[in-house]
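Chain nomenclature is as follows: A, B, C and D, assigned in order of appearance, with residue numbering initiated at 1 for each chain independently.
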Amino acid sequence: MPGSSFGDLFQVTTFGESHGPAIGCIVDGCPPGYELDISDIQRELDRRRPGQSSVTTPRQESDAVTILSGIFEGKTTGTPIALMIQNATHRSGDYGNLKEVYRPGHADMTFQKKYGIRDYRGGGRSSGRETASRVAAGAIAKKILADQGVSLIAHTTQVGTIVAKTVDTSVIESNPVRCADPHVAPDMVKLIETLAQSGDSIGGAITLTITGIPAGLGDPVFDKFDAVLSHALMSIGTIKGIAFGSGFGAVTMKGSEHNDVFEPGDENQVTMKTNHAGGILGGITTGADVTCRLAIKPPSSIAKTQQTVNRSGEAVAIDIRGRHDPCICPRVVPVVEAMAAIVTLDCLLKQRAIASK
Amino acid sequence: MPGSSFGDLFQVTTFGESHGPAIGCIVDGCPPGYELDISDIQRELDRRRPGQSSVTTPRQESDAVTILSGIFEGKTTGTPIALMIQNATHRSGDYGNLKEVYRPGHADMTFQKKYGIRDYRGGGRSSGRETASRVAAGAIAKKILADQGVSLIAHTTQVGTIVAKTVDTSVIESNPVRCADPHVAPDMVKLIETLAQSGDSIGGAITLTITGIPAGLGDPVFDKFDAVLSHALMSIGTIKGIAFGSGFGAVTMKGSEHNDVFEPGDENQVTMKTNHAGGILGGITTGADVTCRLAIKPPSSIAKTQQTVNRSGEAVAIDIRGRHDPCICPRVVPVVEAMAAIVTLDCLLKQRAIASK
Amino acid sequence: MPGSSFGDLFQVTTFGESHGPAIGCIVDGCPPGYELDISDIQRELDRRRPGQSSVTTPRQESDAVTILSGIFEGKTTGTPIALMIQNATHRSGDYGNLKEVYRPGHADMTFQKKYGIRDYRGGGRSSGRETASRVAAGAIAKKILADQGVSLIAHTTQVGTIVAKTVDTSVIESNPVRCADPHVAPDMVKLIETLAQSGDSIGGAITLTITGIPAGLGDPVFDKFDAVLSHALMSIGTIKGIAFGSGFGAVTMKGSEHNDVFEPGDENQVTMKTNHAGGILGGITTGADVTCRLAIKPPSSIAKTQQTVNRSGEAVAIDIRGRHDPCICPRVVPVVEAMAAIVTLDCLLKQRAIASK
Amino acid sequence: MPGSSFGDLFQVTTFGESHGPAIGCIVDGCPPGYELDISDIQRELDRRRPGQSSVTTPRQESDAVTILSGIFEGKTTGTPIALMIQNATHRSGDYGNLKEVYRPGHADMTFQKKYGIRDYRGGGRSSGRETASRVAAGAIAKKILADQGVSLIAHTTQVGTIVAKTVDTSVIESNPVRCADPHVAPDMVKLIETLAQSGDSIGGAITLTITGIPAGLGDPVFDKFDAVLSHALMSIGTIKGIAFGSGFGAVTMKGSEHNDVFEPGDENQVTMKTNHAGGILGGITTGADVTCRLAIKPPSSIAKTQQTVNRSGEAVAIDIRGRHDPCICPRVVPVVEAMAAIVTLDCLLKQRAIASK
């Protein structure tokens, strides 16, 4: 309720600032008896960590995770799983110049207004570093969902005006922008590099697809699957928009076009030829793929001199030092998958409670 | 947690199906000592009710609300406020043909999958009628927020391909589509009427603006203001997408364009010339207007014969009888305002808890 | 969270003051597909209603319940079940003299301090009448639990210094104090009648037993079964103490006496010859009966003149008019069962979520 | 919701088993701007740690706490405070003999039934060691409450049949049983030592008093102050009963005796000469001291050979090795204060939300 917890039955609570001793999370409500190895978590963290390619920040952080509780003899025990990632380097000195100044696009001003105090080192709690805890927690959910045949795949579908045209999920991890279209990926890389050299940054779009998800997940009327997933994804700092299925395309569609026609499927199941609904009807999953598109804003930390104000309300100029991401899409991809996994597993557990007798 | 409650400190729990005896809600946590008259609630319900214009369903329902508790001598007492709206006419016979058939675009199939049983009369719990309870609850939040100088205004900014170009909030209630651009409103009306005559429906877009909202609302990292507002708004059945500030426009923007430059304001306050962030930085309100755009899908109930399947999985054709909305935007406008009011008041109360000593 | 909701998956939210138009509740998360008739609920309400015997208040209220939603063709649908009980007679005039005066033992003063306003008619929200909503909600839980073989039985085991010595649950409903010992029940009745004649009231004790409850319910470390059940039962206004199993007897016991020895049982099950633990070890049910004892305070409304103060802080004398219960035990018995049923079903549903795959 | 979190606005989530790498907690919702030093936390942990006197287990553990987040330049920032206590010695070998056997009075059997798997080393999550996390979290709440003039004091009032007769809170920390009566404390020590030598253990009682607590805390009807405090305290493994004010004494009292008479107090305040209600009326604090008495069971780990069963359901004898507490009262005292502090601060914050405008 104070804001650092998410989920009802599978509940994730995170902690940590960018420049404190450590960040991490407690995953409470993880179903017992599932095999879980630290490599299941580390593998996902490695996809998010900085310094992995030419289009991410060159900062090198290992983001090595430690499991503090909840696993016994290689299996989940049903008790809280605590995960910790130590903050390798605390070069707080770098941030002394930010103590009194509000960086444009960042949460410096709003944290000051809300709490009356803020840890100004690297954004403190508002730093994107916080999402590593989400990825670690989501890795657990992902592992359990994989056992149920559910997979979650996100990929970059747009960078600036460059749009992916094809989807080959097998190539996502083999290009630095995590794009499923191998033909446009190099153009995206080039665009990002060009902007980085000019001291600027660029926005993009990510598409998420959840495959193998059973029908029946989501809890009307307020905790509809799309509503909760929107909550989870919009809580990622860089995401400014979300749309399911046809999304904003629905604005110009007729009902006769948008309605997905039901058809007889195998084994008494219902199928649909189209999926304008994005796999959700009335807030409940249909069994078709859940699909949504996300608007990712350009990173606010740019190398250009910017005008702003300080805490005394005076106009000042600011130069943000340090090494930053010119396009955050590739590193947001695993965060999107993690949050979607947390939501999906939570809904799955809730559905078990009412569906089993 | 089972899905019919929303809010932490200002908590709304709704009940009711379209064809049961009544719908309504319990509003728990309403701050005490505020004046509240039944007309404050009825006025908002009248904006949502069917039969109000040529572009809404011609069904006539009065949606008269009754206050069952929580008000004493014209004031809120801090105890739960229960509101009830009786369902005037139960013509369940109309829906006998829907017992075995899944309407395309509706939640018939998914409710059956989730619960193994469904009240098929008029969609039951999945009917848009459920939103009347939200409007009633939101009216209370709106009244209290108005006392704090916070106003919430939604209006239709697009119907099909017709886009509003100007904003004059004073005309919203004087045209049947609730459009703030008096020049395009008649075209929107004409388009909707044409589609209705052809037995079809059309999508649209709504824009929401929250004005006078104090800085500091929203609870990082998961309950950011935009995340919780997305949850609230995406839980409205017809909304398929949401985007804040520049929204999906951010996809093609550079950081140097998207960052809102801080400037010295009056009385030691900070202002911004632009508002690409939509009034929210790091999930916390900046004090600028909160703005978002919503994608509204075309209503699924259309007069055309559609292909579908029945509960036995057999292909059948369906004709949906009854009187339906050809474009739901004008009736969703008050629902959007209501949900936004609930979120804003809840965040305001939470902020009071930490900001006061 | 604001205080009128209880339960996580099976969630009850109540509303209503003693002298408003109605009281009632919303039961959200009720599992679908269970048969439920209004008589299942009315029967329990009749056990709680005033005017049922010589030892309860002679006020006659029918407490007729109406189902507003959530039931379709005689079965639960999984959607919220709203229940309403209209307040038959509003003789608010009776309470005019209480407007400015704080009744000793009642919540008049504390409601005023908390909310700055109070509905002084009959105690308003703090009236015991509120528990009718709990009984109605609990009746639903009880019905579903009965299907799983779980029964919940409470009975009066002490009134003043008169203590029940035997337990024959079949006689509980056949004497007006709801005592399971037919030999002492008449003495209890006589004691209560004597005190009523002298304008006074008397305390008592109630014992609750939950039989047929499966092992494994309760969620360490904070939501242990006994912790949540204590929360539920201590929220009943007249209960001042709760103790499980040996209870306060454990204070003087040795570990070698208090430990229940495990023994081989039927079908690979474990049994215990004793049940000092009250059916709970480490906060999780063992499968043995859950037992607890409750201290019930003497009703605060007595016919004697009492000294008190008014809202201006001046000393005044007060005579409480009206018809009150001289001993509340028999009417609290169904409330205790109701709250215990809500807790048990909620824990059962949560356990299903993790135990099923 | 899965059980390891407590509190609404001031929310504590704990993790850790007795023999894993570490235990600890995340405290989310701590109000910002309060001074907090690690010594504020360590001091309370030292009161709970084993090996502190002749009547506690001789196990030596330092229980040194580390702050991982949420404090900046000596002050709380409003972001989550993560605390970690490393488990110094992992002598898991000691517990090999417990792998297949259920210890009487412990949660071995019930954890196995609930989760289908258990960390059998030293009780795992069900170990009393878990309460160190509560004490650490509670120390933060205590510090903030002290700033508001609220103090929480618990002390041992009974061991076996030896009952404290006087209360001098200044002597509590100067005797090993934490008894406020210096005359009976030596007898309590002697009794515990005698039982320890005979390989047995003994129960006791603790009294808690909250002083300086403002009127108005607690949220009817389900989250009454006494209900939530009961939840919090009954979730401590060794507590089997709780009673407020006159407690079980109310069973034999008349209303004319039990009612606390209101009297004019200073500055327009209301006082009461007696406090049978234990500082709570209608679930809301009156401003008088909140008092309750707790039944503490004798520790289940005793040195005597006991009969029990193993996981295969066969009868076996068990000898529990290791060094255990013969009476847990002195070490539960700080845990009681910690949980009460968490509840009190949480209620205080909730009250601020509705009381401030």
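The rule is simple: contacts are C-beta pairs under 8 Å (C-beta built on N, C-alpha and C of every residue); 3 or more make two chains touch, one makes a residue touch a chain.
What you are looking at is a predicted structure, and each value in this text was computed from that prediction instead of being measured.
Note: Cα superposition of subunit A onto subunit D, rotation of 180 degrees, nearest 5. Same-residue interface: subunit B and subunit C share over half of the residue numbers found at their contact. Subunit B and subunit C have Cα centroids separated by 38 Å. Averaged C-alpha coordinates put the centre of subunit C at 26 Å from the centre of subunit D.
Counting only residues that touch two or more partner chains, subunit D has 1-5, 8-9, 14, 29, 32, 78-79, 114-116, 125, 220, 350, 354. Of all residues in subunit C, those touching subunit B in their complex are 1-5, 8-11, 13-17, 20-24, 26, 28-29, 32-33, 66-70, 72, 75, 77-82, 84, 114-119, 124-125. Interface residues of subunit A, counted against subunit C in their complex, comprise 1, 8-9, 29, 31-32, 78-79, 220, 349-350, 352-354, 356-357. Subunit D contributes residues 1-6, 8, 14, 102, 104-107, 109-111, 113-116, 125-126, 130, 158, 160-161, 195, 200-205, 215-224, 226-228, 230-232, 234-235, 237, 240-248, 250-265, 268-270, 277-278, 280-287, 295-302, 304, 306-309, 312-315, 350-351, 354-355 to its touches with subunit C in the complex.
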